[in-house]
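The next block holds one structure in the form of structure tokens; read it before the comments.
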Amino acid sequence: MADLNIKIKNLELKNPVLTASGTFGYGEEFEDFIDINKLGGIIVKGTTLEPRQGNPYPRMAETASGMLNAVGLQNKGVDVFINDIYPKIKKYNTNVIVNVSGSNIKEYVKTAEKINHLDKIPAIELNISCPNVKQGGMAFGTNAKSAAEVTKAVREVYKKTLIVKLSPNVTDITEIAKAVEAEGADSVSLINTLLGMAVDVNTQRPLLSTVTGGLSGPCVKPVALRMVWQVFNAVKIPVIGLGGIMNANDAIEFILAGATAIQIGTANFIDPQISIKIIKGIEKYLSERNISSINDLIGGLKMESA
Amino acid sequence: MADLNIKIKNLELKNPVLTASGTFGYGEEFEDFIDINKLGGIIVKGTTLEPRQGNPYPRMAETASGMLNAVGLQNKGVDVFINDIYPKIKKYNTNVIVNVSGSNIKEYVKTAEKINHLDKIPAIELNISCPNVKQGGMAFGTNAKSAAEVTKAVREVYKKTLIVKLSPNVTDITEIAKAVEAEGADSVSLINTLLGMAVDVNTQRPLLSTVTGGLSGPCVKPVALRMVWQVFNAVKIPVIGLGGIMNANDAIEFILAGATAIQIGTANFIDPQISIKIIKGIEKYLSERNISSINDLIGGLKMESA
Amino acid sequence: MTTKKQIQDFIVLNNKKINSDYFELELKAPVKLPEIFPAQFIEIHIENAKDTFLRRPISIHDIDYDKNTITLLIQIKGEGTKTLSKIEKDASLNIIYPLGNSFSIPDKKEKVLLVGGGCGSAPLLFLAKYLFNKNIIPYILIGGKSENDILKIENFGEYGNVFITTEDGSLGFKGIVTEHPLLKKEVEKHNISKIYTCGPEPMMKAIAKIANKNNIACEASLENMMACGIGACLCCVVETTSGNQRVCCDGPVFDVKNLKGWE
Amino acid sequence: MTTKKQIQDFIVLNNKKINSDYFELELKAPVKLPEIFPAQFIEIHIENAKDTFLRRPISIHDIDYDKNTITLLIQIKGEGTKTLSKIEKDASLNIIYPLGNSFSIPDKKEKVLLVGGGCGSAPLLFLAKYLFNKNIIPYILIGGKSENDILKIENFGEYGNVFITTEDGSLGFKGIVTEHPLLKKEVEKHNISKIYTCGPEPMMKAIAKIANKNNIACEASLENMMACGIGACLCCVVETTSGNQRVCCDGPVFDVKNLKGWE
């Protein structure tokens, strides 16, 4: 059987399949459907220093092969996470990674610092790309300088594996990737959602309370894949790819384009068992081609003409 | 019956429905299916100073609710356009608009200058957003300074209505829109295609000869709509909206978000009669709501909460 | 409810057209059904329906433990429900179930009123039957725009005392539910100790207002745009006195006293 | 061909499974069919097929002017063709037709050879019939991986002299078409003045090589990724001696001498 183990700095994954922040709750919501321990890891909902109520309803609209969300980082804050949620989920025999967000650098740093003390959290994913909050979030991720600043500040306090999650809403994503790499990010994950909008022609109102929201699902896959390939060719740290992955073939496209690991987001809503199916599908793909390790596939896109 | 007439600077359209460059040939290809004269206008394929062969095959890949293309501005050059094509299409009793592209400012200017002399071409659309050419194209459209420069240079020689077509592959599209407005653009059209990519997992090769290509179709609509709304709120000149419009409701979403006119692109491939159907659909929408003129709908998105 | 959630392919046993807008699907479960409670719902995956990317939430309208089937009562709204309305016998449908909490069941001596409209009848008929089986005979007030929206009246009739309103007067009392004399007579006389409601939000809010004014307990089963249906995405929230709560798993049933803007 | 292109809903008269990979659709036109020529194709809109956004180009395999029907021979490749394979009688299919140029028709005294593989048989059977009706009896060489890919041999037999190759030897000569003795015997002896080919590109290229070497005219019907099918998008180009040309309207048939990389 093919070897699916990969490593991202000190983070060891039994397979390259993670679940994306905001789409998998705290894992518990999926316990009825799959064995969480079989995943490479789970990335829990965006966590901030203080509790947040998120945006008003309506927060979701369906689009062609995708959806818009305007959840806006609703979460109970890092302290509740540490005291109430962490004790319940630290039992998982897989990597539990916390997605960290903030309105300013101080908030990012304080939150990361608190999580740094949690034994069973081997990594954080710095969310500098949330399009659904007024302050911070995407503002950090669409500017190389501020992306570098927040990464640098968090790097000083956070000692374990630091993943920075990039926004696709930029002219040149390689510039941002290189900036956070230079400040000590161990890995970059991409993409977060594309900023989009939808209108109800009957009411003549926006379908989201916030007018614009984050677009995800298969509709964004071509853009995500392109960015993963660009970033893979621009940085030395491992790239984690996501955006519209619905099946094993999609995952393999990302791995061929340069992703060391991949995340499953919106697909979890369509099929709560999809993450496990994708692990099996990747295994099958490798076996059928006698590829002994997933590592041999990463960035393996053949570029010479046929 | 509702009044569908709109005006963009000196350009008068009998209705707000145009066909998008590169998706409607020179109109002739659709003559078997519709009466071209019923359209608000047609925008012909990207035209350059010299003839271009475009990119190698394969140039197209299907994606979820969309497609990638890597045509790369294949065209016979502006002189052949003027001598061979223009005489055939100037008969149309509608606005024939030429989409102009170039590798450098000089080429844009020379091409625009030549087209300025054509009586029956009331406007050009400056394509500073083609993702499928190595030089020029999108490079101009992803930077406010160069977008301004090329607009300024063309404005000096081009006396009729000047539309500038913007690229969505940018951090802040309002910045580019404002820059070209400041240099005398009479209108902006958006969006051109999003840069995307697709991989064949069987051959492990990119599906396009150029690796990356332009994404279009309903998958991009949420992004396009958001950008139209942002630009509408940022500039005073009329905005022309496009990106994934497949039916009249989609068109109305763009108009509500601020588009004075809209363009039909990829939808022409699915249904060569769609442009006419959309005109009828808009008419019906207005009639049913007793809206006497399309102008009353432009930017009419209701923002107060219900 | 702490019933384990399942994902399974159900088989279509019957697809019955009620009228041009509504139809009923009877689906056979592949395994023994767990106990299901009124207001719980399922998430259906509708394959090959245009523009239908996400699953669709539909209430459980009836359940037959002997036949091992559930029945759904569905209104055709868009592409998803239109495609479902054409599904043929023996086709299979992928379903996640059972989801959500349920109406609370009163004790025997209480007099309760069910108020519904349109496809709000779906969970209410299940509730009426459930109450009836517990020897509680509810008042049932069903409203709609016209006759077409008044569904399964005979069935409701088996389980309680039915009152009907239509806006166009084509059936029953002419007007909207809140204008029906029953509300005046029974509610305001405090004969009713609890109201259950499901239907369009403005209707439910109006009912809640009457209940609050008369100090009657009131539970509403809400709808919302749902992406996951299992509590993971936080898309489907409603504002409550204890913050934003998820309609899909903290609801769909809420005590209206806890809903902000429902005072 | 300057036949006016049309867009219409055709009705499925018959959907016949040939084997696990191939099926045949007979479609009735809503208006009198115009004259259609071998190698012309249609663009089908496949509704409600997963991941099938664009139309699908399919060659016209047969035409019956009396019944006013066209027949398609289709190989199941992905979601689009899979969905088509399940389409039921009386369903309607939206179709743009007729598209593309056609094979050139030789004069009576010529001896011609048709070489096809897999669904390349689709336009070739139409061509064979067309030639037969003009009193030209072609040689026909059909190749495939195995028996399963050798389609409609009896029909081909009605119109010409049929030779078969399969890579696994399950039917006819064991090997690939270019190894078949017929090519040596007839082609290299210059008994054949023209070859028509349709099938996988490597096969067609190999045939073109043999034709070029022996100075025999050769026409190939190409495939390409198509978005519009009507010459508007420039997606489907092939490199020719006179620049990039569109397979959908300058082709699908090209003289192989004009194709770059086919020397």
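Each chain gets a letter, A, B, C and D, in the order it is written, and its residues are counted from 1.
Just so it is clear, contacts are C-beta pairs under 8 Å (C-beta built on N, C-alpha and C of every residue); 3 or more make two chains touch, one makes a residue touch a chain.
Predicted model only: the values in this text are computed from it and were never measured.
Undergrad: Need the graph distance between subunit B and subunit C over the touch network, please.
TA: 2
Undergrad: Starting from the defined contact criterion, work out which chains touch subunit B and subunit D both, please.
TA: none
Undergrad: State the pair with the higher C-beta contact count; candidates are A-C and C-D.
TA: The comparison resolves to A-C.
Undergrad: Where the centre means the average of the CA atoms, what chain is farthest from subunit A?
TA: D
Undergrad: Please compute the C-alpha centroid of subunit A, do the same for subunit C, then give the distance between them in whole Å.
TA: Each chain's C-alpha centroid was found; their separation is 36 Å.
Undergrad: What whole-Å value do you get for the distance between subunit A and subunit B if each is reduced to the mean of its CA atoms?
TA: 33
Undergrad: With chain centres taken as the means of their Cα atoms, state the distance from subunit C to subunit D in Å.
TA: Roughly 55 Å, centre to centre.
Undergrad: What is the distance, in whole Å, between the centres of subunit A and subunit D, each centre taken as the mean of its C-alpha atoms?
TA: About 47 Å, centre to centre.
Undergrad: Quick check on subunit D: which residues sit in contact with 2+ other chains?
TA: Residue numbers touching two or more other chains: none in subunit D.
Undergrad: Show the residues in subunit B shared as contacts by 2 or more other chains, in ascending order.
TA: Answer for subunit B, listing residues that touch two or more other chains: 63-66, 217-218.
Undergrad: Mapping chain-to-chain touches, which pattern fits: line, ring, star, complete or other?
TA: Chain contacts: single closed ring, each chain with exactly two partners.
Undergrad: Which pairs of chains touch one another in this structure?
TA: Taking the chains two at a time, the touching pairs are A-B, A-C, B-D, C-D.
Undergrad: Per the contact definition, I'd like the list of subunit C residues that touch subunit A in the complex.
TA: Its residues touching subunit A are 4-7, 45, 51-55, 96, 224-239, 243-244, 249.
Undergrad: Contact residues on subunit D for subunit C in the complex?
TA: 47-50, 83
Undergrad: Give every residue of subunit A touching subunit B within the complex, in rising order.
TA: Listed in rising order, the residues of subunit A that touch subunit B are 63-66, 68, 142-143, 169-172, 194-199, 201, 203-206, 209, 211-212, 215, 217-223, 225-226, 229, 244, 249, 252-253, 256-257, 285, 300-303, 305-306.
Undergrad: Under the touch definition given earlier, write down the residues of subunit B that touch subunit D in their complex.
TA: My answer: residues 22-25, 29-30, 32-33, 45, 53-54, 56-67, 69, 71, 74, 217-218, 266, 268-273.
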